[in-house]
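Let me give you the structure first, and then I'll get to my questions.
In order of appearance the chains are A, B, C and D, and numbering begins at 1 in each one.
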């Protein structure tokens, strides 16, 4: 059964919720989920509202134009999604494959509301795995010299495959600012630390040397600045002096899988709204 | 600044949110918080909505009668609260004082939206502490023989002091079904285990003997049946074979304080809605 | 490089550690890990001690006889392992495959100090997967009528394959007491609840209906009594009223994988010592 | 019953544990706790060993000289403590009193193996509280101008009171390098963030602005460099977009109390060994 999902943000004032819910009610929609949040520091209103299209008086393609006047009145930033649409997803991965395998199996078991359509890697081993699962593969090794061209080629193939979300499953390359900007809020990365602690390279090594008692993982949208984009999810696990650097990596892998997988799931379920450098994750 | 808070549950159908938010909007109210939830198993709609009374067209005492027709139309179960009202609270405690001290200091520092007005205990040491803080004290030792009379006396004093919430801060007595029923959803207990595991007496001893790797604490509303009421909050901490029974108790005390304190805070902020034997805790 | 690992338990008295470490030192062994624990309730001494066999004066096959007099003196229960020995492991699985896939990939990546040699299932889909990874497969459907024979056949094949550890990766069959007894402390099960809460069937359904705020998973050794064997590891995740039963299952799967995988790893690294109905997990 | 506790670190080589445990055994000591750890990166051996002095052949005051030759042989850095000795503790606090109250009540209930002998604060309100509990108080306001003199005076009074441990219970002053050096590994601070994230001022504000999904607290020994000393303990709690800055502070206070209290307890139980900029916390 199809549903429409609206993600809205606008300056807070009287009557927003009443107007939106009236719009749905008067057109015979049944609300399935509604969650709102007011950021009192910036006086901003956020909402996720989903309603069944069964019996709804407006056809899906006409909803935007019908909703427009309301959106203008309240100066809304808004996005409309349909639950029947399955976005195409590309996974980028280097030589650490644990997150990649996890995503692969979960896509296969229809865990995500999207379709894994493309795998991009500089690792030949990955090609075989993608092949076994019947997923398109792009071999894209990057060097200092060819980075611009390689990105250009990736961009073409991503467009050709109509990719809507890029997932970096331990991908050890940094995109150019133009690339990151083009896919703004549509590239999810997993960083193997509790950001903002231990940004950059070798976070487990950094954590080990600092002697922390807890390690973490962070999934976030990629922005121009390394490891500084809006945080989607974080989780942690306890460690002790007994844990070697190798132990941190082993325990950390479990975290990475879970924290990346949650972010991908929430993004595809249209539960994440980015504002400034933060996220609202509607649950 | 005063706000009105509505906690609502009713069968789910079209138009509920639109009707409620219209009611507030048309009377010039500004929504400060709104959160709703639909339990799809039972087709039940739940809502917490809070709005500023500044400039609201209906006076506080008239809101119930004005809201009545809407409530009837949707067959609502509803409660209206005002943020300016500070409910009076009684704490019941036996000989373990850590939760009691925690509540005492937090009430003193205005951490809770309520007033600690009465302390009930079978422990004379508690009387002095309550005295130091200028809080009414009822010495109420209970034996098998005097239980009924003791409860009767407690009931009178609770009524006289206009107590609206009872908090059992490690209180080692069981109320009669009549008493529990009278204060239905208004008695909060802390149980020192991860319920439903280790209900009843000596939960740390039970946990120790079972060899669990994690211990917990649970705050819940008291019902007739021991340790079986609606759960409000739970939290846990890791233990290992190195932890003696005494260690479990030490670590557990920290949990108990936090888990009880959260429940009391949320109750007084009118964030908890009980349905069946569960709670919706709006955050 | 090979190491010897001793797991020891005995009544506590003076001189145990001195005697054991002297035995190693005087034979030119270098201790790589030593951890001991005294259970003061039962006055029991536990130890895990590992030392390098490089330059050790006693050959591996002679260590037991050389150690015997010491062991007798202190009335030890002891087991000797060698780090070079890779135990053969069988995984039993029914139709939920997430734990199975996780173990499969981890065995493939040499994450465990053992070898996955056999997969047993009543699910034909599993046969193909095992086949792809070149692992022996036993199709073993069980009904009320054939249970005894089926177990007998499993036992034969387990023996023939020299299986030392059985891992139940969401295996929905109960072994006979004789079978469980035969593989005492060598069958690891994952139960999808925070034991002892929600033992038996449908633990997520039970948790959902009880309205808990935290769900868990428990790995334990299998004993005759269902879900009552020595607990190896537990972990939890937070849930709320917003989580449907399906959500609990989704989040729970992540827990199950991690909690089962840790137990298998620790068992194969000889870090677990069972006493009574508890475990000492040396870290 | 009195016990001796040794904390030892030295280069790892064969025979250390055998030698130490022989020393105790041959002098008729009964080991109550022994835990060792080898840091394989630096090839360093760490040990905590505690034994009963009941029937021990060497008198407490002679243990150091008797142990000396062994210590020299292995090039040990070592400290000897006696469980009967109750170190005197000073608590430093500014205007946030939650950690202070928590420590006060716990010292009163004999939770720590030490004696709270002195409270130092720039806050007059604290004087009354200390007075009620019969604890010495030093009023020590600091300005840029008087800092050196104030510290000098504090040092005198700390010496006069024979203070062995300083606990900074949300103390908003930075000690001079000389002062920190003098009390090296004897000043415990609580920082209200998950270090190394959000060092310095206003960590909750920083966390709020970064949009993290988890907040933390860290207890550590104070060194010359701000918030960079050896970490003793960390813990965390989940937050969401719904949590205002004020909410972070409320939840954070609970963490701070627990994380500081654990550090103080472990220090006084002689469970912490500092090496480089890390800690081994024997459990």
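Assume contacts are C-beta pairs under 8 Å (C-beta built on N, C-alpha and C of every residue); 3 or more make two chains touch, one makes a residue touch a chain.
Just so you know, these numbers come straight off a predicted model, no measurement behind them.
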item: Contact-richer chain pair [A-B vs A-D]; value: A-D
item: Farthest chain (mean CA position) relative to chain B; value: C
item: Chain A and chain B, separation of their C-alpha mean positions in angstrom; value: 37
item: Averaged-CA centre spacing for the pair chain D and chain A, given as whole angstrom; value: 42
item: Contacts with 2+ other chains: residues of chain C; value: 240, 242, 283
item: Touching residues on chain C, where the partner in the complex is chain D; value: 13-15, 17-18, 21-22, 24-26, 28-36, 38, 238
item: Sites on chain C touched by chain B in the complex; value: 37, 39-41, 46, 194-198, 210-214, 216, 230-236, 240-242, 244-245, 276-281, 283
item: Chain C residues touching chain A - in the complex, by the definition given at the top; value: 98, 101, 105, 111, 240, 242, 250, 254, 257-258, 261, 283
